[in-house]
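Once you've had a glance at the structure underneath, I'll fire off some questions.
Labels run A, B, C and D following the written order; every chain starts at residue 1.
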Amino acid sequence: MTAMSTINVAFFDFFAAITIISAVLMVTRRNVVHSAIFLITALLGTAGIFLQLEAEFLFAVQIILYVGGIMVLFLFVIMLVNLDVSLHQLQFNRQKWVATILAIALGAEFLLAFRRGGSLIRFAAPGAGMMQPNTELVGEAIFSNYMLPFELASILLLVAMIGAVILAKRRI
Amino acid sequence: MPDDAPEKDRPLAPVGGSAEPPEGTPKDAAAGSPAAEMKETAKPPAPAAPTASATPAGTKPAAPAARPAVPAAPKEPAIKPLPLDNELVQRMKSRFGAAIQEAWLDRKQSIIVVARGLLAEVARSCRDDEEFDMLTDLTAVDWPKREKRFDVVLNLYSFARNERLRIKAMAGENESIPSLCAVWPAANWMEREVFDMFGIVFEGHPNLQRILMPDEWEGYPLRKDYDILRQDTAWVRENLGIESGQ
Amino acid sequence: MDERSIHGMSGAGTTVLGADEIILNMGPQHPSTHGVLRVKLKLDGERVVGTECIIGYLHRGVEKIAEHRSYQQFAPYVDRMDYVAAVSNGLGYCEAVEKLLGAEAPPRARVVRTILTELQRIASHLLWLGTHALDIGALTPVFYCFREREEILKIFEKYCGARLTTHAFRIGGLQYETYDGFEAETKRFCDDFAHKIDEYETLLTENRIWVERTKGVGILSAEDAIALSVTGPVLRASGVKWDIRKAMPYAAYDQYEFEIPTRENGDTYDRYLVRMEEMRQSRHICLQAIENIPSGPIMGKVGKVLKPPPGEVYHAIEAPKGELGYYIISDGTTQPYRLRVRPPSFINLQAFDSMARGGLVADVVAIIGTIDIVLGEVDR
Amino acid sequence: MSTFNNLLPYLWPVIFGVVIVAVLPLLAGYVVLLERKVMADMQARLGPMRVGPHGLLQPIADALKLLLKEDIIPENADHFLFWIAPLISVTAALVAYAAIPFGPGFQIADLNIGLLFILAVSSLGIYGIVLGGWASNSHYSLMGALRSAAQLVSYETAAGLALISALLLGSSLSMRALVMAQQKMGLWFIFCVPIGFFIYFVGSIAETNRAPFDLPEAESELVAGYMTEYSGFRWAIYFLAEYANMIVVAGIATTLFLGGWLRPFASFHAHIPGTGVEILDLLPSLLFLGVAGYCVWLAPRQPVAVQKLFMLAVAGFCLLLAGVLGWSLAVPEFLPAVHGGFWFLAKIFVYIYGFLWVRFTFPRYRFDQLMSLGWHFLIPLALANLVGVAVGIVLHLSLGWGLFPSLLLTTLLTLAVAIFLVWGKERHARLAALPSDGA
């Protein structure tokens, strides 16, 4: 069992490292397409963490929707619009050092809070559905307990979509 | 190189004789209109050629190389250009006066020479008033020994009359010709080709560039005095640094 | 139609989306420009907002060469212009020179010329059909078309020894008598061919994708077509019933019955249908001609050295691609003083811009295919 | 020893994985040969005939040629992306094989999200195309990439919705469970949801960039689309990815709609008297015996001695296969594995044959027409079909009707919707063709 958990931790570290490094690279790349690629790897790393948490359904949805769908459209737009301009622009403004220091400070604060007050934070216990197909669980949760929020979210998205169509289409 | 340029510039002289109708046998009315059936036949010939200032009565057609196969033709030898003075020409003359310089029939095909400056107007009139609605072809001929060395030749076709008409305009070495692009868009490429091959400038052409030859080409290939060797030698000298052996 | 529509290439601007317009260079090495045509397309996304044809890669100066060859010597050169319809080129040239000479080919020669020219028209249209279908993405018809074209080329080969650049005719008539079995083979081909055309049509005519790809694509109105001097099937698909074979008959066309197929819309689909019907009509002409080939000499009296009397002539025939005209000026010597070829492909290609503008990239290849150009003739 | 025991469960998957990665390029090569032969047959010609009898060694010769070709990377390309793009494509295609059940025992991993996994992973393959097209730094490649991206996103929706209609019947995402469900029902899902199968067929052609939806690589327009600047083995890898993807989608269709590894008439059991051998299980062996006999008959007709020998070798190979298939009848442990594999591959080939048939019959769609077909016809139809299947199941569950009749009813209703959609599209086209006043 310990061997299993070691492997688990190793996988987690691996995916977390991928996610963080890609995220940093994504922000710092000058070429927009490269940034998009690092965003994709960051999303893939997140998907890996889902998998490592045995949430296969979320893993699959993450990849299908974000990586396979949204990011493809993202790249599509980037290539279509051809943002060469960004290559010749200043990437960060003068406050970048202030921002870095603040970010580090915030990170240190979080670290301190976790170390000192870890006992105050309650993590949810692992679900009983571990090692079971959790697709059904997700489905049941969405369509029973969380029916109303789910439908509200759907309507919100529908409204957004119709709005986008109306804005984009000059003549209906 | 052509050293056999003709002694006289245009080797044709209008000679009296019975005019034959212009070409075109509307067997099966192409455009379907009755006008196509009504062939505009040639009128009795005028006794002499009109104006014809630029055409010296030059070379008589030499001994015919071949017997014409037209059986009905009289014993007269060979094919000769005949003066043309049908209704069409008369109408044109009344419209443009002296700008219609000559008109004759050659192998049953009507040819009209017009003044260079009025070419566009004549063309437009041909299109609008005479139903010569299609510019079949536009080309040029170089007669280097003539005072005005270029002939610009239009070949028009009328769907309604099922008839062809050739219009010529003469231009000197440095004279330009009015562009016909506004009358027939088809003239665009044809004029570019003539410019490319002869160096004749068409005034008012929207995009007068070389079309078949490379843009940096020197000289105008279809001029009779064009010498390919000159360009070749120059290229060899410039690029290989030696004298061409040709 | 005005100058604006003919050349609209200025610098690249920006599109509705704010993205840059792309200048796409098609050719001179491109699978579907049918040779060394180069087309510069200005694109807004996939929509064509400007075109420019750049030609001349295959320019060989045919008209200049003609001034340095005797009339007979020049005859093989014309085969190299529209090299997929060499027989038609040869017919136009021979008849033009005959007219210049005032000579005429004997009846037998004229009938044989008609048969071979009509076979050539079928062959040329078959090549067009195959490549056009290939451009639109149908992979199969091209092989069927080549199968039938092969039969025609075999007839040519047996007749004059060459398949492509045939030099089949001579000024004044024919050099070769027809071979034994010429009539039978032509008849067999024509008989089979009726079913073959139906076969192509089952693959394409009713095919939904084919119809969607070609209907309404590259529309050319009759007025525009005449203004742009477009001739041949492209003109007829725009609704102008004009065919030189009927309007000013040459060879032996006045002896045969045939229809001039026309359509009204002037789009790619109509041009397709017109050419398909033309193949049927050509077959019909061949069958009529083969029934009754007059006997007699095959060569008229033109002499060994051709010295046409001074003067000039313009003679045009209905080549598979449109009006193929020869304008020859003689100065009484053995060489033409000036020989101008009126190439149907060159002049039809000029209409490309007005057809392609506003369409999509995929339409561009369909339109290049439907004009049916041969770059050897465009560039000469 | 204990480590070995721990690792034992991973042994078979690893072996399967190695086998698949090793065999797949060969299989893809032979799919190419099959394609060329089928194409030649439809086009009244012979196809490859030079390398080996009837061109049987052509794929190997092609692979060798591509391996030895010069590897060209354009000067202004994005070198890293240009280098890695084909690998992304082929990796995505290969990883998807992990969840495809080639037989009851031949599957790398029976994931409980099997189908979602395959869809997720194979949707990554698009990056190989998009990035390759972008990295080439050429207009043709870029347009191919853009077309590809738009096309994939559009058709994945329709294909996914079509798959869901089958999932409703199988009520699982596990590939194995889906086959089992069909076994239990005694009916392949294609008969229950024919419209779903049709939509998936069209969608899968579009997803694999095959004609008539091969716009990203339309040779008459974009030269070779995103592959224009690629050459040599990098190009071959793209090619491999394309054919691997074809096999993946065929595998999905086979599993979901065509009964996976099940034999036709799997619920029909007629035994040879006196034995436990079912008559229908003899079919595969007889088929290969027939092919072997044909090869023996052909052998003396080959022009060259080497080809005669080779033909006999092919006959021997077929005999061997027939023997294995026949022998497995006697060994019950191997019977499902061997025969399951045979039927699965056979169904994949039938499906791919459908691809080829379509390719050589139809011209290519134009891009806007492709999009319109996807969004205005396939997606609405897929939605209608999904609702129809759901209603059919509800009818079955609540009213107690038979599943098949209720699905038949809803299928007919969906067909009506399809006709309506086509009619509406044509009406739309007619209206669009009318001269507008330029508003």
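One rule holds in what follows: a contact is a pair of C-beta atoms (placed from the backbone, for glycine too) under 8 Å apart; a residue touches a chain by one contact, two chains touch by 3 or more.
What you see is a predicted model, and the numbers here were worked out from it, not measured in a lab.
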Connectivity without chain C (remaining chains kept where they are): A, D | B
Chain centroid nearest the full-protein CA centroid: C
Top chain pair, ranked by how many C-beta pairs fall in contact: B-C
Distance from the mean Cα position of chain D to that of chain C, given in whole angstrom: 44
Separation of mean Cα positions, chain C and chain B [Å, integer]: 25
For chain A paired with chain C, centre-to-centre distance based on mean C-alpha positions, whole Å: 61
Chain A-chain D separation of Cα centroids, rounded to whole Å: 32
Junction residues of chain A, two or more chains touched: 80
Where chain C touches two or more other chains, by residue: none
Interface residues, chain C side, partner chain B - complex: 1-3, 5-7, 55-56, 59, 61, 63-64, 67-68, 99-104, 226-230, 240-243, 246-249, 254, 300-303, 305-314, 316, 323, 325, 327, 329, 331-333, 335, 337-338, 340, 342, 346-347, 350, 379-380
Complex contacts: residues of chain B adjacent to chain C: 2, 4-6, 11-12, 23-28, 30-32, 59, 61-62, 64-70, 78-81, 106-107, 109, 111, 133-137, 139, 141-142, 153, 155, 159, 162, 164, 166, 181-182, 184-186, 188-190, 193, 197, 206-207, 210-214, 221-222, 226
Chain C-facing residues of chain D, complex: 39, 42-45, 139-140, 143, 211-212, 214-215, 218-223, 359-369, 433
For the chain D and chain A complex, residues of the former touching the latter: 6, 78, 81, 111-113, 116-117, 119-121, 123-124, 126-127, 130-131, 134, 142, 145-146, 149-150, 152-153, 156, 173-174, 439
Parts of chain C lying in touch with chain D, wherever the complex brings them together: 22, 24-25, 30-32, 46, 133-140, 143-144, 147, 203-204, 207, 209-210, 212-213, 216, 360-365
